[in-house]
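Shared between the two complexes below is subunit A, which pairs with subunit B and subunit C, respectively.
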Partner chain A sequence: MIMEASVLKLPESELFTDYYFKENTFDEVFKKNSPANAYYNRLLSLISSYSTNEFKILNESTKKSFISRGVTFATYSDNPKGNERIFPFDLFPRIIPQSEWRVLEKGLKQRNRAINLFIDDLYHDSKILRDKIVPVDLILSCSNYNRYMKDFKPTGGVYNHISGTDIIKHNDGKYYVLEDNVRCPSGVSYVLANRDAMKKTIPSVFSNFNISPVSDYPEALQEMMHSVKSDKVDNPNCVVLTPGAYNSAYYEHSFLAQSMGIELVEGRDMFTDNDFVYMHTVYGAKRVDVIYRRIDDDFIDPLVFRPDSALGVPGLMSAYRKGNVTILNAPGTGIADDKAVYAYMPEIIKYYLDEEPILNNVPTYRCDVKQEMDYVLEHIAELVVKPVDQSGGYGIFIGNQATQAQIEEQKNIIKAHPRGYIAQPTMSLSVHSTFIEDENKFEPRHIDLRTYTLLSPDKEFVLKGGLSRVALKKGNLIVNSSQGGGSKDTWVMEE
Partner chain B sequence: MLSRVADNLFWMGRYLERSEHLARFLNVQYFSSIELPYPQMREQALLSVLNMAGTELENDKPTEEEILFSVGLDGDNPASILSAVYSGRENARSVRDSLSTEVWEAFNKYYLFVSDYPVSVYKTKGLDNFTTGSINHCAIVKGKIHQTLLRNETFHFLQIGKHIERAIQIIRIMLSKMADINEVNKLKVGSTLELQQWNIILDCLEAKDMCRKHYHSLPNKHNTIDFLLFTPNFPFSVAYNLGFVYKHLQLINKAKDEKPGSLEFKVGKVINDFRYREMEDFKDDIPSFLQETLDKIYLICNEIHNEYFKY
Partner chain C sequence: MALYNIRYETVNNYNSPVNEAYLNFLIIPQETEDQHCFNLSIESNHKAEAQFSETLYGAKAALFRLKGPFILFELTMTVQVEKQLWNFPSFKNISIADERAILEDHIFKVKNKDFIIPTTLTEINANQLPPETFILPSETVFQYVQRINTFLHYFLSYEANVTTPITTLPEIIQLRKGVCQDYSHLFIGIMRHNGIPVRYVSGYLNQGKQYIGAAAMHAWVEVFVPSIGWLGIDPTNNIFVNEHYIKVAHGCDYIDCTTVKGVYLSDSGGTTSYSVQITEQQSQ
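This part shows the complex of A and B:
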């Protein structure tokens, strides 16, 4: 429901004309019947000092700078040479006050540390299953369980070296974890690119605000990569493995390699010999010690996984299991970001760390449990149904936006494959003022937060802020870039 | 350095250089043909552009606009300027982590300039703006390569690609223009127009001023050919470029020994053989000599490929 604008205390600027308050939603900037959140005050007065035209010009020039720097992703469906597009960027930054961030950071470290212990346990003694904290059938039925990881401990004991935890703010003003992504979480290059763009477009803000830098990420990533090298090497040859220049995330892959000054390799650049991995260089074979792969498990080794994969390296898993190369993230981590496993995350944290979970979990109904499925089928119109093993926002069913026919269809889908789905109450993603090009003014749009946590054997690092993703389409709740989402620079800021 | 990366750098250098020669040749040929007194010669000048680029059109009697589009902005013609810049940029993109941000961005801006150029403007009134714009972008990319890259394998493979391609383009331009001159001579219109054609070759290779300085005289057939083939210290001579191919190959080869049969040995042999040729040896059949040299350069490319780019 849309309320009168008068309940909001808006800045005097045509950019905020008709800005409205979305009922039952947390607005990150404005509050009903009271002044805007204090930590936004200075930013608001800066933004309102621009005329609509000035702001439009800034917006256009920022877009152009992304194009000329080649910060783009390409789609090849309608043009064999690729249509290059930018990931839409919004010039109104999202602020997370330092006091809130401290809690988030602590919670992220806790959660991802527990996930690491959980994965290790599942591939070894499975104590958590024997103690009946997590049901055995849930794990056995998980499509991401990787039998080649059984009884194998990666160097340093780390599995989810890089975790992309998705967090939202609900209308109760509290943060919730929406998803754990512990396979190949992407998007971090945009955090750095956005910050760069922001600095160039509105430099004055950075000299006046105390904003945590994000530029330390490549260094932290490299340090982490070194920390999981084999003891047998002193100076490891670390590489980033990409599917190639035609992958939509190629910009990110090359950015990561470039920012760490290491080689960006493709599967065809590498081979194995006697359980060691090498790359073809102009001076012959050179050993590879640590691989940050941006290729799914299924494709990394055609001898073990998909035989038709041309992206991987034949023999890689064998070299890995001999401890001669480190792969990150470890194969088989997908078992922990299964959305049905997500339901048990609070118990998992308590079990391994003997601590109360710091971050909230969204209540989750498993469709493979009889009573829970019955509840889901009955209340489907108020729930969000998600496939357990998908990412990118695909396959999500939102009950309160569906027609009766769609509801019936979804019920049948669930009944046909209960283990494949979970359901959650419709969480209300918070909204943030976002510049809408067609309207030439700010409107509230839903956002979430993709965070990045790095795990070393004895250290955790969380990138300060992360990627605030925006659902640009009015009313849309899905923020993924593959579904038309954009992003914002995210400031962790002293209040 | 990865073999694949070396391969991409080599081709990035080649396409960058190729695009510049195409743009310059197109510009010089077109604007010098405008004032030619005979319509046949104007047609010949444009066909010569197609010939130099290695393009064949389905249409026997292409219009001026068709030729200009085909050589300039036709993305379906692999020999167009747009295709050369696109391929060069794709090679750059696939190794952008090996390059400096400055080199990548300069190349990307070059690509955006060419790919965003409005076709209708180009065909009717933008030819000079488009071609000189392309040449300027090339200069910026090359400047960034020189200014921001380490002198390591990345730089050497880029330079090898550049010098190989330049040697090839010099010869192709000479071959193409000599065919034009043949046509001019058939018209029996006198030596002034022939001389003008030799001047155009020099213009196509930004060589006229230096050629005059070098010989302290106005260009003629003999000194034009001699200058573009053998001047050891002129950047647009074949000898100069082959010399740099050899030099960069030596810098890449860490072993430094030049065993018979090694890549450096073979390339050194071709280059030395070339350097000590004289006009007298081949003055009766210059095109055959040029073709022969071109074939040897292609052999060098194969050798480099076998030595470094296999993966």
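This part shows the complex of A and C:
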């Protein structure tokens, strides 16, 4: 390790003492045997101008600012009731040069536009299934198919209004889409909170660097919500629907409502009558036209889905199908972020847009295809196995980190329910210098990028940058915030 | 022609006053090719009018949005239903190979996907099913459907209050007991494993015939047999559905056909009871 450090040209700062190069991994900042990436030079000299002690003080004061602003989330992995935590924030921002961002942005618009057409097709003529581009059996076994969307077109024809596409940089230096999240992608509030924290802690960077702003997101979101209102209303009443204060992302729900200047409501604050939705206000009932819901499909309408749900609004689906209210994201979008469907994303893009996919897809083995399952069982030690319908990093099996007993157990799990799993080669997530509190210095840690794309009927918007999530545990490849990861401010540089 | 008088009555007593509630009823017999309704009447003790709507699969729902406070809700529906007499289905002459080809055809699957996709209540892994529940290479779908109908009739024993409408298939297989929903859900789970479209049906059963389950709302299935079309089957009674079955709704499972879905916006326990009367008028 220490020997390898000598091949890196590190800044002269004790913060970078013993910084090492991870073999077979792309380091976002440093390059083996050559100077650091030029677009990091100014930032590196700024950071290395701090002593360890000064940097620690900055780090602590940032942490406090997150707590005092209540920027928190809860995790469920170790405590079923959830622990309220701050989302660890790293002060060394990740930079995405404009040349790379332009490609990413174009690719994200293309991919999410294609996903929208795919969802629309599946709930109407299913041409892509008739033409055998995507096998019908794949959809027949998809637990997120929502029959209440059949033959129904939402206002404006938009389904995945908000998409959270997860992107990584592999050791070949190329970006790959790791997964699509088109149900209720979360995390965008941290992007804005991180930028805020950065501005407060090191204000000088923003006058010296030409960084694309992220603060236009709430405005873009609101504009998008207006764009999918019913034609019958001029000035739509838009709301954010939250499951309540116990939800892990409650901070985000209240942040979004507040920054758009609209109401944050729970199911019990609304009611339906004759296929219209209303909310209770101190002035009486007020019509609701657009609902950005942050609760799962199963819970939005107890008269249609889970009757035991107290989170939703009885009669909402009926009002929705009459076109009297817009729900975003539309119910039933989960068929598109099924990880077995992911395998077909390049074909889906070509089919609907007649374009070559701009973003790379990770090769994916479907365990419900006999030959592919055989391959997976044989090569499981070098693969990553994922459940097709889970998000948040839950249930992921990483072959090269598993014991023999865990491998055998995982094989049995796959064999019992082949459609439930896909496998992919172990992608090497890029690393980024990250301040490690226990060591008082920077070390490389794996990162990914959660991006946010908004779709209107005739416009796409991509938040410039996104949430760079960091796996804080040494060697950990799962960067999800539910799994105790942290995050970084992400800078897209203007030219 | 058979003619029925149907009466559905429900009485809901609440422990404390209810301020707001939604009650959605799927109790009105469906208009179908062989079944017609007359003189429908719905009366309740509450001033709210029924809001009628059609379900995804063409059944007629009546929704009451009740504003309180109230401690009692009573509803009575009466209707007459005229039903054509059942005949043994006529068969198209299709070979077993052709029959399988129809089921395997991807366009067929696209069209019928709602009734092939497993739902939470009809989902089961192949290795959890008894081995004799799979279709044999030498069997026609019609023979298979009959075999499973009989199999289930003996595999499960009819017993109330051991399951709920949302008991899952693995639990039912373990218990080997249940009521009409459980027979129907298990039948559906088995058929869908073999790629055969099948739907859950709720309705009324002639009470003069000593069928199992006639005292309350009943559940059965309709299965797609390539040589026939949609065929009604009642695994609880091990028979084909005939003129004694009055259909209210069909769907993917119980959730689509639930007789009463109630959502109360104030927490109030209470007692609910309902009764049905289905009497056949002597045919003219």
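Some observations on this one:
Everything below uses one rule, namely that the second predicted complex is superposed on the first by the 479 of 495 C-alpha atoms of A that agree within 3 Å, B and C clash if a C-alpha of one lies under 4 Å from a C-alpha of the other, contacts with A are read in each partner's own complex, and residues count from 1 in each chain.
Note that in this section a contact is a pair of C-beta atoms (placed from the backbone, for glycine too) under 8 Å apart; a residue touches a chain by one contact, two chains touch by 3 or more.
What you see is a predicted model, and the numbers here were worked out from it, not measured in a lab.
After alignment on the shared subunit A, the placement of subunit B and subunit C results in a side-by-side fit free of clashes. Looking at the shared chain after the overlay, A:Arg147 reaches subunit C, while subunit B stays out of its contact range. Of the two partner chains placed by superposition, only subunit C is touched by A:Gly315; subunit B is not.
In the superposed model, A:Glu14 makes contact with neither subunit B nor subunit C. In the overlay built on the shared chain, the residue A:Glu223 is in contact with neither subunit B nor subunit C.
Contacts of A:Glu347 after superposition: neither subunit B nor subunit C is touched. In the superposed model, subunit B and subunit C sit 90 degrees apart as seen from the Cα centre of subunit A, a figure rounded to the nearest 10. In the superposed model, A:Ala257 makes contact with subunit B only, not with subunit C. Once chain A of one complex is fitted onto chain A of the other, the partner contacts of A:Asp389 are absent, as it touches neither subunit B nor subunit C.
Judged by the touch definition given at the top, the superposed model places A:Glu100 against neither subunit B nor subunit C. The partner that reaches more residues of subunit A, of the two candidates subunit B and subunit C, is C. After superposing the two complexes on chain A, the closest approach between C-alpha atoms of subunit B and subunit C comes to 9 Å. Residues 268 of subunit A contact both subunit B in one complex and subunit C in the other.
Put simply, subunit A touches subunit B in their complex at residues 67-70, 81, 240, 244-245, 250, 254-255, 257-258, 263-266, 268-269, 279-283. Residue ranges on subunit A touching subunit C, taken from their complex, read 126, 129-130, 132, 135-137, 139-143, 145, 147-148, 150, 268, 271-275, 302-303, 305, 307, 314-315, 318, 416-417.
Contact residues of subunit B toward subunit A in the complex are 1-6, 75, 86, 90, 93-94, 96-98, 101, 104-105, 108-109, 112, 153, 157, 252, 254, 308, 310-311. Against subunit A, in their complex, subunit C makes its touches with residues 20, 22, 24, 51, 53, 56, 63, 65, 106-107, 109-110, 113-114, 116-118, 123, 125, 127, 252, 255, 258, 261, 263, 265.
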